[in-house]
Structures are given as C-alpha cells and as structure tokens.
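I have a structure I would like to understand better, so I am pasting it below and will then ask my questions one at a time.
As written, the chain order gives the labels A, B, C and D, with residue 1 at the start of each chain.
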Amino acid sequence: MDFSLPPDIATLAAEVDAFVRAEVIPFESDPRWTDHGPDDDLRRDLNAKARAAGLLAPHAPRAYGGQELSHVAKAAVFEAAGYSILGPVALHIHAPDEGNLHLLSVVASATQKERFLRPLAEARTRSCFAMTEPNTETGEGAGSDPSMLSTRAIRDGDGFVISGRKWLTTGADGAAFAIIMARTGDGPGDATMFLAELPNQSFRIVRRLTTMDTSFMGGHAEIEIDNLHVGPESVLGEVGKGFRYAQVRLAPARLTHCMRWLGSAKRAHDIATDYARRRKAFGTRLGEHEGVSFMLADNALDIHSTRLAIQHCAWVLDQGGRANTESSMTKVIASEAIMRVVDRSLQILGGMGMTRDTVVERIFRDVRGFRIYDGPSEVHRWSLGRRIVDGK
Amino acid sequence: MDFSLPPDIATLAAEVDAFVRAEVIPFESDPRWTDHGPDDDLRRDLNAKARAAGLLAPHAPRAYGGQELSHVAKAAVFEAAGYSILGPVALHIHAPDEGNLHLLSVVASATQKERFLRPLAEARTRSCFAMTEPNTETGEGAGSDPSMLSTRAIRDGDGFVISGRKWLTTGADGAAFAIIMARTGDGPGDATMFLAELPNQSFRIVRRLTTMDTSFMGGHAEIEIDNLHVGPESVLGEVGKGFRYAQVRLAPARLTHCMRWLGSAKRAHDIATDYARRRKAFGTRLGEHEGVSFMLADNALDIHSTRLAIQHCAWVLDQGGRANTESSMTKVIASEAIMRVVDRSLQILGGMGMTRDTVVERIFRDVRGFRIYDGPSEVHRWSLGRRIVDGK
Amino acid sequence: MDFSLPPDIATLAAEVDAFVRAEVIPFESDPRWTDHGPDDDLRRDLNAKARAAGLLAPHAPRAYGGQELSHVAKAAVFEAAGYSILGPVALHIHAPDEGNLHLLSVVASATQKERFLRPLAEARTRSCFAMTEPNTETGEGAGSDPSMLSTRAIRDGDGFVISGRKWLTTGADGAAFAIIMARTGDGPGDATMFLAELPNQSFRIVRRLTTMDTSFMGGHAEIEIDNLHVGPESVLGEVGKGFRYAQVRLAPARLTHCMRWLGSAKRAHDIATDYARRRKAFGTRLGEHEGVSFMLADNALDIHSTRLAIQHCAWVLDQGGRANTESSMTKVIASEAIMRVVDRSLQILGGMGMTRDTVVERIFRDVRGFRIYDGPSEVHRWSLGRRIVDGK
Amino acid sequence: MDFSLPPDIATLAAEVDAFVRAEVIPFESDPRWTDHGPDDDLRRDLNAKARAAGLLAPHAPRAYGGQELSHVAKAAVFEAAGYSILGPVALHIHAPDEGNLHLLSVVASATQKERFLRPLAEARTRSCFAMTEPNTETGEGAGSDPSMLSTRAIRDGDGFVISGRKWLTTGADGAAFAIIMARTGDGPGDATMFLAELPNQSFRIVRRLTTMDTSFMGGHAEIEIDNLHVGPESVLGEVGKGFRYAQVRLAPARLTHCMRWLGSAKRAHDIATDYARRRKAFGTRLGEHEGVSFMLADNALDIHSTRLAIQHCAWVLDQGGRANTESSMTKVIASEAIMRVVDRSLQILGGMGMTRDTVVERIFRDVRGFRIYDGPSEVHRWSLGRRIVDGK
C-alpha cells in the first residue's frame, strides 16, 4: 500500500499547476468565455499556450503525440488543470473530447483513428457525443436510462440511415465530428455507435440550450438527425455493441469529471479561505469565526475524501478492473462533496459569492450539473443498492 | 389558536394565484426578462395587467391606493404571487421596493411621502436601498455587519455631503430614488438614512454586476457616491437613527422574501412533480421510484414547515411584536428549506433541470442568494445562539 | 389566523410545567426507573402526586373524570409534561395507554367503557396494544405494513379463538388488558380488534425484550397467544373493522408522541444550554464558541418548527379532519428534528453526555425509537410521496 | 501509488475475520457481556481462543511476543477484529490498552517495560489512562481541552504526591495499573505522566458510571486520587513532557478506534442487508424498496470513504509522519460516517433495531460515543479550521 505519487507524475502535476496559475487564470475574465462556454478562438489561444509549455493533451496515446497517462497520473494532472475551469480547455482534456478520445483509442479502426482520433489528439478539432435524447410527450427518450434510446439507424445498402432527436449534446456547435448512438434492432440492447463528420445538413442544430453551466465549449445543443446517410466505414467498432462501448467510455469519463471538478472545488475553497483571512465582521476576521472556519474544515474533509476515492478508482482502472462499482461510488462521493465545497465557499464569500467578481459563481453553476451528468446520484444509488441487495 | 385564513384573504390569494397562472406565467419566456432582471418595459406591461385585475400593490397603505394588507395577509398573497418570479414584479411587491415602501410609510415625513412614497405605491417608480458596501483591501465595508459602514455624510450648512462606495445595490439602474445609509458621527451607531432622487451625477453607477440571480429589476449595481449634496429635507426620519430604521425595514422585508420565494419553491416542486408523473426510466414512471417520490415528500415537508414559520412570524408582527428572533428563525428555516426544495426539484428534472426549458433553472439561481441576502444563515445562527447562551 | 393559546390552556400547561419541575424531576434518579421503564410502584407514587395536583389524566373524557382536552390543548399540556420522561407517566398520558384510552372512548360499547375505559382513565390500570408481530423466517408478520398481520381469530360458537405471536408489545407486563389485532377473514382488510383481560394464561409473555429505550412502563414484550377464547362481548367495535379503528387510534396517538418528545427535546436543549454557559474550554465558555452556539441555534430552529407542525396538525384534528397527511408530515418533521436536537445536546455535553449523570442519555436512547415507532420515516415518506405523485 | 494490501497482511486479516465469525460472535449473547462491558472472565475465555489461534496481541512489539504490525497492517486486522465488538477484546487490541501499549513501547524505560508492558502485551493484565477530569462548578477540568488539567503532582523527596479527581477513566475497574496525567508546574504545558500499580487505596474508584456504551471492559469510572505517593521510577518518560507524550499516544490511538469501529459499522450494514433481503413489506422485499436500498448504498459509500481515509492516515504514520492533520480529518470522517452507517442500519431493522435481538443496538450505543471520545468533532473542526485560516 502506497499513497505517494510517482515522481514523474508529481512533477508533471506541479508543472500543470504552475501553468494554470500563471497562464490560464488570467484568461478567466476574457469576454470570449461566454455563457455557452469558451469560444473556439479563446480555446486556440489557450491550446497554443499549453502546446508551448509541452502540456497539450498529455492523456493522448503516445502514437498520437500524447504521454498516455495512466488513470492515477490523470488523477493528479487533471485535478491540477481543473484549478481553473479553463485549464482543461487549455490542455484539451475537457469533456466530451477527453472521453471521446479514450473511446476512439480503444474501439476505432486504424482508418478511423487517422481520420478522427489524430486531429482530436492534436487539439486541431473538437467532437461531440450524441446519446442523450429529449423527453417526449409520452415520457420516452434516452436519458438516465439509455435503454430508452429512440434514435434509429436503418440498414440502407451497406450503410445506414439515421433519424432521431438528440439534446444536451455538449459541444455539437463547432464539433468536427459526432459519435451518434442509435438503435439498430428491436432488442433492448441493439444499439450501435456511428461516426459522422460535421457540419452536416442532416445533423441540424435546432438550438443552443440556455443552461446554468457555462464551461462547456459550444454549449449544449438540441439536434435533429434527419435521414443522415452513413457508410459502413462510419460504424464505430461493431454493429450492436453500442451499449457495451458506452460502458467503455463511461467509467473513465465519469472519473475524469471528478478529477477536473475536484480542482475547481479546491479553487473555490482557496478563494474563500483567502477572503476569510482578510474580510472583517463582528469584531474580527471572518476566518476567526468558528461558523466560518468550520465550513473551511468541512471543505478540507470533503476534498480529502474525494481525492482518495478518485485515486483508488483510478488505481483499480489501472489494474485492468472495470471499476463499475468503484466509479459509481466515486461519482456520487465526488459530485456531492464537490457541490458542498463550492456551496460553502460561495456562502463564505457572502454577497460577493453571487457575483462574477470571483470565479466561484461560475464554478457553482457548473458543478450543480455534475450531480446529474454521467448518471444522477439517484441512478448510482439505485444501482449500488441493487448490487448490495442482490449480493453482487 | 386558529390556522384558517380569513375568507377575504383567502379569496384575494386565490385571485392572485389565478392571475399569476393565467396572465404572468406566459411572460416567463419573454426576452425582456434579461440576466439583469425583467426590464422596465416588461415591468410596465405586467403592472398594467395587475392594475387591470385590481391586484396592483395590495400591500400599500390605503391612503396611497393599496389594501394595507396585514402581515398574515401578505403571507398568503405574496406566496401566491411568487409562484412566478415575475408575479411580484407584476404586483409591484418585489424587493427592494416593497421594503422601501414599508420603511417610508413608517418613517417618512408627509412631504417625503407625497414625493417618494406615492409614486412608488402607484407603481410609477422603482427605488433602491444603498446600504451594502464593497469589501476594501483591509477587509472593511458594511456587509453582514452593518456597523462597518464607511460611507460618510458630512454636515454642510443645514444639509450634508455624502461620499462613499456602495455595491450590490439592487435596482439602482432605473430607480427614481435611493435610500442611502451613511455614517454621520464617530460612534458605532451614528448613521443616518437619506433620500436622493435619481439619476444624479454624484451617484454614479460604476457598473452592473454579473450575478447568478436574474430576477431583480435593474440587477445589482456598484455605486460611487461622490460629494452628493443633500438638503435637510432629504434626511429620512431623524439624524442618527439610521440603524434603528434599518431594523424597522429588516424584519418585515426579510419575511416578505420568505413569502415570495416560498411561492417559487412551490412552483419548482410542481414542475418536478409533473415531470415525475410523465417521464419514464428503468421500467416505470419516475415518480414511482421511491428515490424520486421521497424527494417530493421531502419537498412537501419543507414547504409545510416554511409556510408555518412564515405565518407564525407574520402573526407576531401583526400583534405588534418586533419579531427579531422569529424573523431570524424564519429566515434561516425558509431560505435553507426553499433551497433544498428547489435543488431536489432540479435534480428530479435531470439534464432538463440545468436548462432554461423550465423556469426551475432561474429559480435555483435566484434562491441561492436568499441564503445570503438579508443576513446569511451564519449571522442569524450567531445571533440566535448568542441570545440562547446569554439567556435573552 | 391566531397563534395564541387560549388562556385556560396556557394556565394548565404552566401548572403542568411547574408540577413537572418541582415534583417529577426529583424522581428521575429513583432506582425504580429501570431499563424496562418506570415500575408500577414508581408509577403509583407519581400518579398520586398528579392526582393531588389535580393534573391526572386531563385528556380523559369528562364522563370519566378528565378534562377532555382538545388536541390543541394536548399539544401544550403534553409538551409541558414531556419535559421529564416521567412527566407523562405521572399524568397518565403516556403511550400506549393514552392512545388506547382515545380508541376506547371512540369505539368501545358502554359496557366495555365501564369495564376497561373507566379504570384506565382513573389511572387504576395500564393496558397494551398487541398489533406488531415478529418477523418470521419467510419475512412475514405485521410491522410497518400492518396488512401482513398473521395472528388469526377463528369463529368458535358466538366467540373467537385467537392464536398468534406478537412482539414489541409495549407495557404488556403489568397491563390489566390488551387490545389484540387479529385477522378474521382472508381478505387483505379483514381484521378485528379484541379486548382481553390480563393476565391470561393463553396470552403468555415469552420474554421481555432488552431495548435501547427505557421509558415505557413494563418495557416491550414478546407474546404468544395460544388458543385464547374470547366471547362476543370482547369484540371492540365491529368485526372486520380492525384496520379502520387502527386509523382512528393512529393519527392522534402519533401526534401525542410528538408532543411528549418535544418536551424531552426541550429538556435536553436546556441541559446543554446550561452546560454551555458554565463549562470552559479553549479559553472561554463553551457557549461562546460558535461551534457550540450554532448547535444551540439549530436546536431552537428544530424545536420551533416541530412545535408549529404539531399545533397545526392538532388544530386540523380539532376541526374534525382525519389529518392523515398532516400527521404523517408532523411525525417525520418531529421525530427527525427531535432526534437532531437531542443528538446535538448530547454532543455539547461531551463525555458527560454519554453518562447517566444527566437525563440526556436516557432521552437520546428513547427518541431514537421515535423515528421507527408509529411508522418509520421511510413509510411516511413513501405514503406522502405516493399521494403527491398520484395527485391526491 | 498502490491500494493493494501486502499478501501477508491480507492473509492475517482474513484469518482474523474467520476467527471472529467462528469463535467470537457466538459469545455476543453471553451474559458476561454486561452493560459495563465484557467482564474479565469473559475476556480470559476470549483471549484463550485468540491465543490458541495465534492471533493474540498481533500489534505488540516482537520483543514482547507480538507481530509488531505496521499501521497499515493494523487498519486491515483491526477492522476485521471489530466485526464483533468482542473481537478486539479477544485479540487484546481494544482501548485503552492498545494505546497504552503503544505509549509504553515508545516512552517507557526498560524496567517499566518489563513491569508494565510485558504483562500487558501478553494479555495478562489490563490498564487504564487517567487524563479526563470531571467538570467542576466553575467549569474547569481537563476534557476536550487537556490544558485545563487540575490534578496535581507535588514534589516529595525524590518522588511525587498526586491528588485530583478523574472520571470517564475507562477500564479502571480491574486494571493492573494506571497511567496518570498530572500537573507538575504552573506553566500551561507543565504536565507529567505517572505509572501507578492498581489497586491502590489512594486511587479510589468512587463509582462506575452508567453510560450509553457497553463495550469497554470495566466500564468508565470516577476516581479520587488522594495523596498518592509515587517514587521517581513511576515517572513515565521525563517530567514535564506529559502533553507531548499524550500526542504520541493520541494520533495512533484515535486511528485504531476508527479501524475497530469501521468493522462494527460493516457488521451493522451486513445485518441490515441480510434483513432487507428477507423481510417483506408493502408487496415486496424491503431491499427492493429504493427507500431502503438507497440507505444501503449510502452505507457502502460511507464505509468506502472511511476505509480509504484510515488507510491513508495509517500510511502517513508508517512513513514516520505525525499525521496530526490526517488523524484529525480521519477521526471526523470516520466517526460521523460510521454513526450514519449504524443509524441507517438500525433504521432498516425497524422495531427490531431497537432491541438486543441483534447486536446493532449495542453498536449504535457504542458508536455514539465515538463522535466524542478522543476529541469531539467540533474540536477537530476547530483545529482544522484554524490551521487553514492560519495557512499552516
């Protein structure tokens, strides 16, 4: 049992930390960070800085220019990057691209890798992952329960014609390609993933959703897929294995969310700590009031618990485990602890916490979503509880 | 002991409820509801509807065209209005005007009433309350602890010259007048309130703050008061009684916040309930999952507790009590319970909860501030705890 | 709307409060208060004191010597009595006798009233209510779900023969009679209540259970009912209406639990407050540490919310309402808030809180059960949630 | 970074687990387990079984027959032992002996080791640690704040005369010796530890306290130390270093509490899980109700977080760190999470949870104290918060 970081990872994480503080945080007040996320112009500026620092896409396979970080290494590096919400954008390790890159590196054919993975790994493109669907009048549509998928891909010659409606498709606006999940049979598990280059007039962005969070590039879109013709080379992996691949993507992608947002939580905590050291009220510094210092202590407890859970789960993945249970547990622990940390930090800031005068306001809005994305806490509790009762 | 509403109040509340559902909710998607609150054009449209329905400013003194509602009556009527965030705007019972109207009706001179209160009571103007100050480098400035007030009013002939900096001044942009709190002596309690007509070049809006909440008209401004000359007729009440008047304003204003946001919480709960009845996941309707229905039950518990605490405190005020302890307790109970209700409602909505496709997203952003405005929970716990320990 | 207590009730509650402090609390260290509750000898001493003070059984019907208190009156009087766990014993308003008295006064025949209700109302006897059953190997038995009742009463001439197993039968040891719930048909709702005088060799106390709580007279017993023959005069009310009568008993009995334990919570809070005022640590009195005073403030909030919910529900019952929803809500609010209050109070006492040097240790043990008795919180949330989702 | 247990430790933990299930759990219904803890006769029987299994005192130094387990090893072994509250008694790794053994092995002289440590390490004796003092009328006495120590040791020739009052002295009744903390100067840090053989008529057990918890051998006593003469050979370590040694004892002793009680929490969870699988209510097995399965899921989350925090802190200690911050964090995380786990488990058991029909009732009573012993959560939050604000 060993809780120390390998020195090379510790060094890399320290470099990322220094880079984020020196080079990224100044961009937080850049107007190109809109309510629909940082725009592509800002992204390119940030990527250029990371490239210059030798820190771009460290998670990518070595064959595609990356450092092929282990999950444990990612835990340290992504947390450091997440200290600014713009850090993962700069390093090109943000969602959904990070998960898509992982999925492609595991499942894609050599040809697909050259066409889609290489430019993505080199931060020349962005991508999106079109699985979630809007709720219909009759309550259908793939959401927390992906088995309710209603988008269909019908055989057409040696290819397919895809039709359906997606939404909350993060990053669709500006993406160079989409990974589309569609039903290819009548069985509950008959789904397939397809790769589609964008823009494409059969993959129409109906609208960009106005959302509470503001960190995802391109925002979240509603998409109408209307008779999108794709050839056999567009099938990602094998036909009918869509849900299996979704699992390949899911646990690691879920975990990297935890890593990045842990960095954000640390940031909010540091801003609140700094404020508590300076601001005075009722005869003394805020931080000398136990009502405030206990909140900071609780932040420290939550950050500590979250980091340990992430490191443990990363280690299980590095050992080759699927980590279904561990990643579910970590997702719930992390998303709820991080929300508490940011909520307390905002509370300590008082009225200023509600304003964009600190980045805590953006962080708060962002992390609220984390308790929902990649499976709401309730779905994870449901699944963990069922495994316990069933003795699995 | 009697928990029933007087029939006339119940009738009025039912009318407001029907009005909000029929006439106000349709405006929730109006683009004039900006991120800095509903604009004045939208406000005038809404006021016109309320006026036509005979529901405008029912809290105002009878002498100024209102119905002079008791606090208990307000509890019912303001909750009904709050079912849409735009409801209080329509009825002209929103903050800070509602509290300012109350303050003026208690403290202002006859002349001041004609000049400031009448047009306010008739919804012809808006106003602002300039007490809160930015945090300085040395940690000073009136915030949760108003005794740290640093804006000064210096005697100048029979008038005063006011200089200082204010922020989070809600509604300053567009207000017809400001109530300004300034220090008029060196003692800890030497403060005075002044009335100043706006716009005024010595009361400069430095910037409008970007904030998480979006419901306050005019948003929240940072203000520079630079040698603002005011005559003796601008003193509100008596010189040196500023903090005492702040208390006059505080308890009732705090309580009406609770009332309005309780309506918002009820709205979020209803939207979530409706969704839980229709949306399907994992083999059944969401609402048939205990993981969801228990959240709705908890909402009902929180709404019930909040409503009772508000009614009780309103009754104490109606009996002539100052209700310092009761309004502190109610503020903490209400603001924390309402936040939980809205948070659970958003969680039930899943991804959709993060989007502006329902108004829950706006409500969530707004109620987060309620745990801070009018005294953060920590200040109330501090004061309640001290009274318990001191046996007062 | 009126939150004031009628003067006569306020006076009675004040008398009970004074009585409990002066006459009852000194008995708290009496060794006759065993881990299976106060024994009957102690009870008789306490009853004598209450009788002398004119405070015995104020809830009983006037025809049986009581004052026939309204539910609102009970809210005030029972809370005052509950300030000592021995207070309700002294006044003879404890469970399960208080609920049984109510049930008999509503349902029993004139003959049954003379035989069972009169001596009970005069505190000459105790009684028990035998509904709950042990969990069988196959998971059956009436618990939270009374419809799983397995005790059977078989027609035998004009009477019945009852057989089955009960447990957690509070007060069975020493009771003069039992109200027994038994199945009298095969339909899910076919149950009947029977009255049986005790002791009776066919109603055998198998064992007294060792339990965490220590306040119930006679403790909690496991009972074997083995061919207990009862005549037609033993049927309480009508055959087949057992579950309906259980409802008659349930809501009010649930509510009086809330009232009594609210008094206990107040007591724990007062003991902790007193300690926080005197005990020193880390340079000052405990109570001057916000970490402690915030806990006291939270106690005040929980006590306030609980009292309001109880008063409201009592008023609904007084208006003739069944108060199913209100009593469910109040039970959850009260039992969880009271547990928090007592837990915080114990925590403030530190090591001493774990000892019987204060009565908080007993209160803590007792109130833990309150989240389970009369329906665990989960059953109430389930039922509240279902009503919300079903729109009832 | 490596989360795997060394194979030899994993093997040892598995042996302890099997031993506890097969040999210890059957004793849980032994009447010699009294409300003042297991008696010495039961202890000897259990020790004999552990000795026969080669599992007695595995934490003791090799020189005294033990296996000198690392902290990480203890984390695994003590958790396994704690699966029954009697497990640590059997293995002789319970409090306060475990902490005393550690302290003696670090601080005691060679002579003291032979006289006190050897028989303790061989489970031939028990010991106590007399630091905590009763609260005086003026609020003084060593409790959470040890600097309020009032017991005094006055120089007398080459020895000392000790006088004072102690309480909550765990295991005093039956102990072969006491470690006594006494003030030996007027400075705030002038304290010394003394070793005193027991029984001794100048170290009088005034009474055994009645407490909520029931697992500590000998219970908790109040002690009057009345002119206890001790020679220079009774000074443990050096004069004036008492508080420093208390720190030596504290962090590891605190951590082993976490380990043992984590085992208890796991046990309570398993009992609740088993019940949820069998018990039926409202049409299905309890465990199929999300209201129950979500509680089991939360148990799993809390157990997971606690285990990781313990392992991490143990590793820091094994690296030679003082682990002040880590052990404070772990103590709060563990004691609060474990309380929640046991509380939920009891709740799932319903009425049965309140009875001694399962060991959960005892576990619940015991773990309540854990949030207080070795520093209440509030003291740890205070200290953690202060370090954050002070930037240490």
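The rule is short, and it goes like this: a contact is a pair of C-beta atoms (placed from the backbone, for glycine too) under 8 Å apart; a residue touches a chain by one contact, two chains touch by 3 or more.
All values derive from a computational prediction rather than experimental measurement.
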* **Distance in touch steps, counted as few as possible, from chain B out to chain C** => 1
* Structure fact -> Counting C-beta pairs in contact for A-C and for A-D, the higher total belongs to A-D
* Based on the averaged CA atom positions, which chain is farthest from chain C? -> A
* **Distance from the mean Cα position of chain B to that of chain A, given in whole angstrom** => 37
* Structure fact -> Here the gap between chain A and chain C, centre to centre from mean Cα coordinates and rounded to Å, is 52
* To do: State, to the nearest whole Å, the distance from the C-alpha centre of chain A to the C-alpha centre of chain D.
  => 42
* Structure fact -> Within chain D, the set of residues that touch 2 or more other chains is 285, 289-292, 294, 378, 381-382
* How about chain B: which of its residues touch chain D in the complex? -> 289-291, 294
* Structure fact -> Listed in rising order, the residues of chain B that touch chain A in the complex are 132, 135, 137-140, 143-145, 148, 167-168, 209-213, 220, 275, 278-282, 285, 289, 291-292, 346-347, 350-357, 361, 364-365, 368-369, 371-373, 376-378, 381-382
* Okay, in this complex, where on chain B does chain C touch? -> 1-6, 72, 273, 276-277, 285, 287-288, 290, 292-301, 304-305, 308-309, 311-312, 315-316, 329, 332-333, 378, 380-382, 384-386, 388-389, 391
